[in-house]
Each structure stands twice: as structure tokens, then as C-alpha cells.
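A, B, C and D label the chains in the order they appear, each numbered from 1.
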Amino acid sequence: MIRFEPRENVSTRRAVGAPVFAALIALSLAAIPIWAAGADIATAYILMVNGAMGSVFAISELLARATPLILTGLAAAVAFRAKLWNIGGEGQLYAGALAAVAVGSGGFALPPYALIPAVLVAGALAGALVMLVPTLLKVKLGADEVVTTLLLNFVILLFVQMMLEGPMQDPMGMGWPQSEPVLEEAMLPQLIARMRVHAGLIVALVAAIFAAILMRRTVWGFEIRAVGANPSAARHAGIPVTATFVRVGLLSGAFAGLAGVGEVAGLKGYLTADLSPGFGYAGIVVAMLAGLSPLGVVIAAIFVAGVFVGADSMSRALGVSSYLADLVVAMSLLCVLISGLFVRFHVRIGGSRLTD
Amino acid sequence: QEEKLKVAAIYTVPVEQQWVSRIHKALNAAQERGDITYTFSENVANTDYERVMREYAEGGMDLIVGEAFAVERAARNVAKEYPDTAFLMGSSFGPAKPNFAVFDNWIHEPSYLTGMIAGKATKSNVIGMVGGYAIPEVNRLMNAFIEGAREVNPDVKFLVTFINSWYDPPKAKEAAFAMIDKGADILYAERFGVSDAAKEKGILAIGNVIDTAGDYPGTILSSALWHMEPTIDKVIDDVASGNFEPADYGPYSYMAHGGGSFVVDETLADPEAVKAAKEKEQEILDGLFRVNVNDEEPKSTL
Amino acid sequence: MSDAPAEQAAVLKLTGITKRFGALLANHAINLELYPGEIVALLGENGAGKTTLMNILFGHYVADEGTVQIATADGGLRPLAQGSPQAALKAGIGMVHQHFTLAENLTGIDNILLGTRSLLSPIASKRSARTRLDKIMRESGLTVDLDTRVSRLSVGEQQRIEILKALYRDARVLVLDEPTAVLTPQESENLFQTLRSLADEGLSIVFISHKMAEVLSASDRIAVLRHGELVADLPSELCDRNMLADIMVGRHLEPEARSEVEKGPALLKLSGISTGHGRDALHNVSLQVHGGEIVGLAGVSGNGQGALARIISGLELPRSGSMEIDGRRLKPAPRAVMREGLVRIPEDRHRDGIVGEMTVAENLVIEDVRSRAFQSFGFLDFAAIDKRAGDAIDAYDIRCPGGDAVARLLSGGNIQKIILARTLDKEPKVVLAAQPTRGLDIGATEDVHRRLFEARARGAAILLISEDLDELFQMSDRIAVIHRGKVTLPQETATLNRSQVGLMMAGQESEDAA
Amino acid sequence: MEILDILVNPNFWAAAIRIATPLIFGVLGALICERSGVLNLGIEGIFTAGAMAGWMAVWLGADLWTGVAVAAAVGGAFGLLHAVLTVPFGLSQHVSGIGVTLFATSLSYFAYRTALPDVSSPPRITPFQPLKIEGLSDLPFIGTALFQQTPLTFLALFLVLAVAFILNRTPLGFAIRAVGDNPAAVEAQGLSVFGLRVGAVIVGSALMAIGGAFLTMSAFDAFFFGMVNGRGWICIALVVFASWRPGKALLGALLFGAFDAFQVRLQTEVGAFVPGQIFLMLPYLLSIFALVVAARKADYPRALLKPYFKGQR
């Protein structure tokens, strides 16, 4: 019989070591599909490392992909801290992207220097407002936000499609369901010439630091943690529970909205309905990998992005099905999540301890 | 003898998707002939498209084939940065210097001919058309089909639905069923799934881009086929001989170049109609008849 | 060890039970025997290891050392497989947990039948089971509507379902963990009568309690645990209150005596408050509490105390009526009433009192994080928070590894001390103390009482909501009774006696008393 | 007027039932999981895996019902993974579920492409055919709407009754409901929380996978990438819409199917005078509305999302 006993004190060595170990195990498990696809395993790993960080280009790609993951990861991390289960990062991301395009494609007459801030604010605001709905439904009417946020993803995606085939369709787009392009002046600048990593990364890192300080050092963070751990006691202690949920919801939505801004105004230049390959959902896993710590989110996002970009590049170089990349990412996530258990619990088999 | 040409293709959908399958097939054929080495990435998300392009370009590919439709700007930017690589991209826009050539599935001519067959074949005078998105590539084929059908049968009416997806066969099938309910007895199968509905309900369908007659015996009345081989072979030839120009390779999809063809199941079609269509086909090949290019979104007329 | 009749064979025998949680020795080499037809009370401070021992017996925990043996049909003993509630149930051990283990979305009978039939049986006819249960209910006097969903049953009824669960499975040994913590005096009395009649039928019963009076009156034998060790195992008639307290705590305790305090102005004033409906309603409640006095509010739980506490705490707006603190009407919000000098000791300290996942220090400042003392410009002042924690831990003798220990790991008594520290240290004008000693051992209880008297001496107005008549009579200057949402006029404690109050709690005389 | 025409057309209802069928499987599966206290967001991936595995088995030569069994087994395996992660390990159910979805989806795609690297058009199988029942199929309205469906649809409808019966009438059903409400109650009665939850998640996941198999073996005859297209997530919503009751779940799935069928037909009828997306949004918005209304009184499984550790409170 297997039993788990919670650990009271977790050493840093264990807290850091276990996920690293798990990541290694996951990567070695990737050998199975590589082998199944008939590729040479050693070459595959070399190519994978190269693809993730073997060149400036690779690193730029890694960071470009990590950027939205950091932001959606933060969106999940701050919300989950308050036990506000925001599964709607994907929809909020699209809302942010839609707003960014609306503002950034010249819809409003703004001076050039105001365009980038306006695009960022619009995207953050749109994401925040989208998250406000389920938050209010939860605090005012008791509707479970897991379901409402999940459902809103589809509503928003359909809305985006509707806009892209209707009022926001690019008149020059030959009927393709895509938006007008974001003006050059509204685009987030590239960080390295001719590379894709863009100023959205700075936004993401600033957001992570902001979230870290907010959570650990401020009254609002204190209140968020209290509400998350025990809303009833928090209410009794005079903490404004509803306001705290609303604050967290807005913040979480804003982070996800910024992720959308980065994707349209940093990378693509215009909006299509397939802007995000599930960054919103991946953000949830990133947040959990990070143990809901904002700075951990940065590391987890870089890890996930690295695995994907590396495996993707490797699959291309070897001519293996490119679905391998998603598979390796999924396996890594599961392994790292499981490793979290060995951090939090003693595992006993029968009467004896498996780990100490 | 110098090394084989290195060709990579980047597809935003799986290679089974009919449009892309034509490119895939032509490139595979070229590889089997020994002209090129061919690698590809399928189902590449738009977010990743640029990276994949760069990776192939960095990897020393001589020619990169793909679809720029949803990533027009990024694709053109990347191409500019790798002037030594030739790019041949599906696009609704024109070519660009120094190395960005374009192509498209210009099979409006055979579509017109299939319209002539369908117009004669319908008894209810209702034809259902299920498309992916109302984009020029789709619209012009549908419009050509409609014109062809009207030429032989002025009374024919059309039902048009776009499923707003490139790849959702069950949904296309449902849309087709809905049209059958409304009295359509011929279905224009722009997407996968439509012919399945036709087969299930025992009516006829018009094929598009690929020949699916073998999969739906007795169902596919006529098809407008697309062949990428003339385009691909031409561009490979141009690149290999150093004559590559950023040109519009679209015309290589015309019937005159063998890029488009018209097939009809004569056991199903009215001999009169077949005869008329074959005559029209000859006129097209002889340059005596030009099928209109109309990119407007077609609408239901019932 | 015990002087139970030696010729009678034990039905259950625990030998050398030791259980560690990490470094903590929760049970240490405990030997205990149980004989047919006897009622044993298990006594001990919070955290002494009582629940742990019973959980081992029932298979929730596995002991690190020691054995559990159960009588066989031929009178011998056989070892009981540990870590398996199923084995315990099969051997005839039934347990009523302190926190009930009922599925609230099922009816009583479905809860009782849970696990008694094969999960693969295609259909669940209840006819024979019902006949048997009717018989059990008749014989034991534990009547309850079996076809009502458990969520609609009162706490007392739910407990009866719990006991019926054990009896239906032909339990030979019945364990009850703090069964009276949630019961009214009347309900407790009924429970013990039932238990006695069951024991007379041959059932062996172990119950855990902190209430000295019932331990002494209801048990045949008393076992006392201290820091995980069995320190006494005596027939009840040889015990008395003081002696048990000494054994339990290991030192002598003197009950707090009430001093004379001059009565001040009315600091808490409720006029004509009505709200809610059903069990949790209030009807035209008016009440005044003066500075320097404790008004006890007696009543069976569920007669509107919850609504009253919520309204006073500012968590809920009454339908009509008003509340004043020191002559000022307030916006109904926890923060607003706190600012006016009202503090609360909530009834359910785990749910409403502390945030278990946060540290002791954080819990100590949670009501005041927004005050200048602990923050500036929205940023927390960690130095001030740590200092506050250190001071409070010393002043209130909060037993914990330190201010950064997670609050959830503290015992009930120490959790209550955190709440006392953060509320009473503010020198409040009004204290609302709801069931402040429920589930606490006598040591911790004395502590709470002493702190409340200190607040009273400083001139605070204290409203003490309690079901414990002993506590009410010991603490209160005046006592009011709440029944079905109506509150009687408080009367001087000296003019009242227990049976009078008990009857009023049950609803009698409440009309003419009002 | 056209609207009425659509609604009285039996073919419309046939379409609604056909579209609803995979959802019925999925929503029943999700309902069983949630009744035992485990949210299974792996559903989207399990749908995909079921669609792939069932189809692949038939394509490799198995008969159709074996294909369904293979799909169920594969779904059960992913269910086991989710159950192990969330029940004894107590991992966050959202995260594990999303992890399982990522894993099952990518594994299915990778396996499909690795097994069939060179296809240029999707390989097809002979799918389930409509079950024509002598007499019944010729009935006026009902005959068209109901009795031209494939056997899997009837299996789905039968399962609604079976699940409702099991949950409400049998000891097993009581145990599952109890473990979703208060696992301690189940443990105290000598039943295994672990066994019940793991079992429920496996069975529920198997049903989800059959829903996926319906797509490739009945609604269509080939496997496609992106084929599931959010149908799994819809089921999660429908469970809430149904307040965790099988009968209402059927209703919800049919409603959803009807909206979808309606949307397609309306577009054909009168052209896209309203963007089709509006109709596609409606079921989601309706579910949210139902949730808001239901939230007040629904007796949803109280232990949902809460891991249970033996001996820990």
C-alpha cells in the first residue's frame, strides 16, 4: 500500500532538485517516441539542445515563445493564489489581442509616441474586463468560475472570429479572416535586430517582478493570500473579500490580455483566430510548475518554451513528425508535476519510507 | 553533376488536407525522380511559421514552399532576409523582389466545366455548395462553377454555406445534410465531408482539387482537379538552372499548363452535358474562351 | 492496571501502541483493555493523543509499534489488521468521529447501508434493512427519520445516524470522539442515557470528552492521556474533578474567580433586530451590554446565534432594527465595527478565526494589516509584524515553534490564543465571544476565561454566546436566553438557576420571561 | 417562418441527435467522474485519443465493436493516469486534467503520423451504418429523427438510462455519490475512496473515449487532426448545465446539438444574415446562465476538486 505523508519543512535543495531531476527524467522518456519514429536518439538530443539554445536565433525563439507563457502563467499564478480558478487565460489573451489591434491599427487618432502604451493598456484592460465577468458571477452569484472562465474562452474565440469575418476584417486581406495590421509605430520593438524576441519579454519580466513584490510585500498581496487560503476567516478579519477577488480577477485577466498584446503587437502584426496555440491553457501548467510563485513562473515558462522549441527544431531536422514537440512538452509537464509530490510528501510503501 | 536541390515545405495544416496534399504530392514526386531532397513541417501554427521558415532558410534550403496566406507579412520579411533562398508561397498577393514568388490554385476553368455538368444533372434545380472560408481562392472557384451551371441551366438555384474552418469534416457533412434537406440534389464539395453526406443520402457531388472518385464510388459526378506538378517542376527547374525570378507561378495552375484538369464520370453524367463540357474545355485550351475570375463572396440564391 | 472483573474476558486489547508524527510522539506505549458492557471515558488535554489512539483502533492510522487485539467468538483474542477501517468494522468496532462522516447528499438510511452490501449488487432493496433498523431504533431509543437527506437533519439527528451506522453493523465496541461538543445539554443527557442502555445490552463504549461533569457521571472508568502517555486508568467512582484536572494537566488549576467591576455605560446596543427565516432567524431582538459586564447568551445552537453574531460582526445587514456601539450607528462591515472597537472571537475558530495556511505572525496581524502600524504606502512592515508576533507569543503563551510557524499546525487551544491575542490586545470596547471554549481542554479554557475577565476589568462590554451552562454561570453578570430567534431580557445571574435557564433554552417559559 | 420550417423538419432533429451523440458520451463520462469528486479536464484529449485509437483499430482490421472497445480501453488508460495523479497523489485536478489533455492529444497525433507517415489523403474505414429497424424506421417523424441513427447513438441513449439507474438505485451509485460528497464517510464505512474514485474516473474516461470514437467511426470515417475541436470542453459545461444529473445531461446535449444543427440550417436557409458565431455562442452563454441559476440550489458534489488523504483533515 502506498501512502503519502505531508512534509512540514521542505529543504530548498529538495524543492529545486526534484523538478530538475524530473525534467531530466522526462527528457529521457522522450527517447521512446524518438526511437519509435526511427530516429537516432543521441543525434536527437544534440539537435534538441541546439534548437533550444544553440544559437542567438534559437535563444531568441525560445524567449519569444516564453513571453506569452510568462504572462499567461502569471495570470494563472496570481488567480490561483486567491483560489480564483481562472481557466480562461486563452480567451483573455484573445480579448487583449483584439483590443490591441483595435487600438493599434489606427482606429483611434493617437500620436505615435502614445501608441505603444495605448496598445498595452488596451490589451490589459480588455483581458481584465473579460475576467471581471466570471469574477463577479462568482462573488455575487456563486457561479463556479472554473466553468464560466472555460466557457468564455469559446465565446470570445467565436467573437473574435465574428469580428475578423465582419467589422474588423482587413479590407486589404482578400477575404481572409484576419484583422488590419498593427501600425508600425504601435509594434513592440524587437530586442535583437532581425530576431523575433520583442519588448513583450520586458513587459513580461516587469509583470513577474511586479507580481512577486505584490504577493510577498504588500497589503494587497497579504489579503490575496488570506482570501485564497480561507475566505471565511479573511472576511471575519475585515478583509474586503469581494474587492480582493475583483482585484485579483482584474490583475489576472490583465496579464493574460498582455500576452495577447505581445503576440499581435510583438510578433504577428495582425490578428487571426489561430493566434495562440493554447498559451492560455499552457499558462496554467506553467503556474503550477512554478508552485504559483511569480518568479518561478519565469523559469517554468522558459523551461516549457525551451522544450518545445528544442524538440520542434529537432523533429524538423530529423524529419520526425513535428507532433513530437507537443508530446515531449506534455511528458515533461506530467513528470515535473509528479516530482512536486515528492517535494511535498513523504512517500511510504507499506510501513517503510520510500523517500526521506 | 552538382548536389540535389534542397527543398522544404511548410504547411499550416496536415498534409492530408486537400489543398496542401497537392503540393506535398508534387514535391514527393520530384523527390522520387531524384531531382530534390524534400523535407516538410505540417500543421505549423501561425505563431511558429516564421521560426520554421527561418530554420529552413538557415539550414541552407535552396527552395522553400509554403502558404503565406495567414502570415503574409512575416513571410515576406523573412524572404527578404535570405536572398539566396528561393521562396514559393501560396498567396493572394503578387510576387516580391528579390526572391518571393507566389502561386495559387487557379482551377476556375475546370470548375466552370464541372458547373456545366452539374447544371444539367440537377433535377430539383437546387445545388448546394459548402466552402471553408469566403476567401478569393474559394470564391472564384465557386463563382466559376455557378457561372458554368447557369450557362446550361438558367433556372438553377444555389445554396451556399461556409463552415468557417479549413478542416472540420463532420461539420461540413452536417452543412451538406442541411442542404439536402432543403432540396439540393447536387453538392459542390469544396471541403472534406460533403461527399460523405452525398454518398450517405445517395445523391451526387462535385469534387474539387483532388480526385476522390475512388473513395465515393458512384457519387462523384465530376471534379475540377488541381495539379501542382507543373508549378513545382517549373520552379525547381528555375532554381536549379539559376533562372529563378520572383514571379507569379499562378498560371501554371491553368489548364493550358496542365495545372488544372476536368474529369467527369460518364456513367453518371448526361452525355449531352459531357459533350458540351468537353467542347468548352477545348475552347479554353485553345484560348478561345476565358472563364471569368470573380472573387466576390457567392450568396445563396434560394 | 484496571480493576475490572478479572474473570471477564476483554473484548478489545491495545498493547504498547506507539505513534509518531515526525518528531512528535503522539502515542507512547499505550496499553488499554476494554470489557463488555462498560463505558470508558478518555480524557486529556488538546493534543494529548486521544483522537490518534482511536484512529489507530479504527484503522485510519497505522501504529508504529504495538498491537490491537479483538475478542473472538470463543473468548480468545486475535490481532486486528491495522490501517483498515474495513477490518475494524468487520471486527465490530464502530466509530463516531468528532467531525461527522456522513454523505450529506444521501438519506440517513443510505448512509447507514453504505458499504454493507456488495457494490456489484444490481439493486438496492431496503426492506429488510429497514425492518432491522426500526427494531434497533425502537430498542435503543435513537429515533430519526431515515428518509430525510442528511443535509436537512440537525446535528443531534446526524449523530444518531452515526451511532445507528455502528449498531446496524452489530458493533461490539463503539468509539465516540467528543460526542457532546456539538450537543445541547438536553441532547447530551439523552445521548448518555442511550449509551448507558446500550452498554447494559453488552456494548462496550469509549468516549472522548473535555467536559468533566459528564465524564464523571457517564463513565464506568476513566483513562487519562498526557503528552501521548496513558497516565491514569481508574474507576470513575474513585475520581473527582480536581484530581482529574491535576492528572491531565500535571499541575493544579484554580478556577478563575469573578471580581467586582463597576458597570459602565451601555456600549453595545441592539434594538428591534429582525432578520432571516427558518432556523437562522431573529425576531425583534433588543439587547444592551454595558462596559465592565459580561452578558451571557444561553441557547441551544441553531436558534439564531449565528445570525446574531453575523449581524454584530458586521457581516450581515439585518432586515430591520439597528445596532449601536458606544452610541454610534455603524455601517454594517467587519472593518467598520472593528474600527469602533468591537472585536470577535468566532464560533468556528478553524473556519472563521484563522487562515491555517498562513503563519502565526500573519494571523496575529490579519485584522490590522491596513493600519499604519504594519504598513506604509501599501507595503508591509515586516519588522513591525515580527515584533508584534514575538510580543503576542510571549504575552499569551502561544505554544508554537515561532511566529513563522504555519497556524494550521497549532492545537485548538493555541489557535484560540492567537485569536485572543489579536482581539483583546486592542483594548476593545465590545467583545463578542461565541463559544470561545468549545472543544478546548480545561487548561486552555481557564486561559480564555482569565483573558475575558481581564477585558471586563478594563471596562469592556462582553457578550458571551455559549451552550455551556457551567461556563455561563461562572462568567456572566447577567444571562439572557435565545430560543427560536427571540432573546429574553437579561437577568442577574444570581437570580437564576440552571434548571430555569435549561428550560428556557428548550423554549419553555420563554414567553413570560421576556 | 423559416425558423418554424426548420424545427418541424425531422431531418433537423436527426442532425441534432447525431451532433449530440458524442456529447452524450462525454457528458456522462464527465458526470461520473465529477460525481465521484474528480474533475476531468483530460476529456478533450481523451476524446482525441478515443477517436484515434478506435479508428486505428478498425483500420488495422478489427471489427467496429472491437474498435469501440479499444477506444474505451485507451480512454480508461488515460483516465487511470488522471486518477492516479489526482486521487492518491492529490495533484490539482485542473492541472492534471490539462496535462492529460496535452499528453493524450499529442500522443494520438504523434502515433497517427508515425504509423501513417506518407498518407496524402485520410485513410477511410467503413463506419457504423444507420440502424434501420423494421417498422420503426418508417414511422413518420420519429422514424427519421431517431431510427436512422447508428448503433452508437442508441448505446448513448441506453447509457443515459443505465447511468441514471446506477447512480440513483444501486449500492455502487450510492457509494459514488457519497465519495463525491464526503470521502471520509465512505472510508468510515469500510469502502475504499481510492478504489471508488479511480474506478469512476476510469469508467468515465472510457465513455469519453467512446464519444471520440463516434466521431471517427460513425459521424465520419477517418481520423483528422483537430477533429475534436472543443467538444470535450463543451461536455464539462454541460455537466454543470445538467446539475450533475444524467437525464438533464441528455437534455443539455440535445439542446446543444439542436443549436448547432439550427445554426447550420439557418445559414443555408436565409444566408448569413446573422453571423453564425452568434448561434454557436448561444449554448455556451446558455450554460453560463444555467450555471448562475443552478449555482444557488444545485447539489453539486461537495468534495469536487478536493483531494482526500487518508487520515488528514
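Operating definition for what follows: contacts are C-beta pairs under 8 Å (C-beta built on N, C-alpha and C of every residue); 3 or more make two chains touch, one makes a residue touch a chain.
This one's a predicted model, so the numbers in the text were calculated from it and none came from an experiment.
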Taking each chain's centre as the mean of its CA atoms, which one is most distant from subunit C?
B
Counting only C-beta pairs in contact, which chains form the busiest pair?
A-D
Subunit A and subunit D: spacing of chain centres that average the CA atoms, whole Å:
27
Distance from the CA centroid of subunit A to that of subunit C, rounded to the nearest Å?
45
At what distance in angstrom does the C-alpha mean of subunit B lie from that of subunit A?
37
Residues of subunit A whose C-beta touches two or more other chains:
161, 165, 323
Would you mind listing the residues of subunit C that make contact with two or more other chains?
none
Which residues does subunit D have that touch at least 2 chains other than itself?
277, 310
Pairwise chain contacts under the document criterion:
A-B, A-C, A-D, B-D, C-D
Where on subunit B is subunit D touching in the complex?
13-16, 18, 21, 24-25, 28, 43, 128, 159-162, 164-165, 167-171, 173-175, 177-182, 192-193, 196, 210, 212, 215, 299-300
Show which residues of subunit D lie in contact with subunit B when the two form their complex.
9, 11-12, 15, 18-19, 118-122, 124, 215, 219-222, 224-227, 229, 260-261, 264-265, 267-272, 276-277
Touch list for subunit C against partner subunit D, complex:
55, 58, 60-61, 84-86, 88-90, 95, 97, 99, 101-106, 110-111, 113-124, 151, 165
Can you check the complex and tell me which residues of subunit B touch subunit A?
39, 41-48, 50-52, 54-56, 58-59, 69-71, 73-74, 81, 92-93, 133-136, 139, 164, 295, 297
Contact footprint of subunit C on subunit A as seen in their complex
1, 8, 217-223, 225-226, 229-230, 232-240, 351
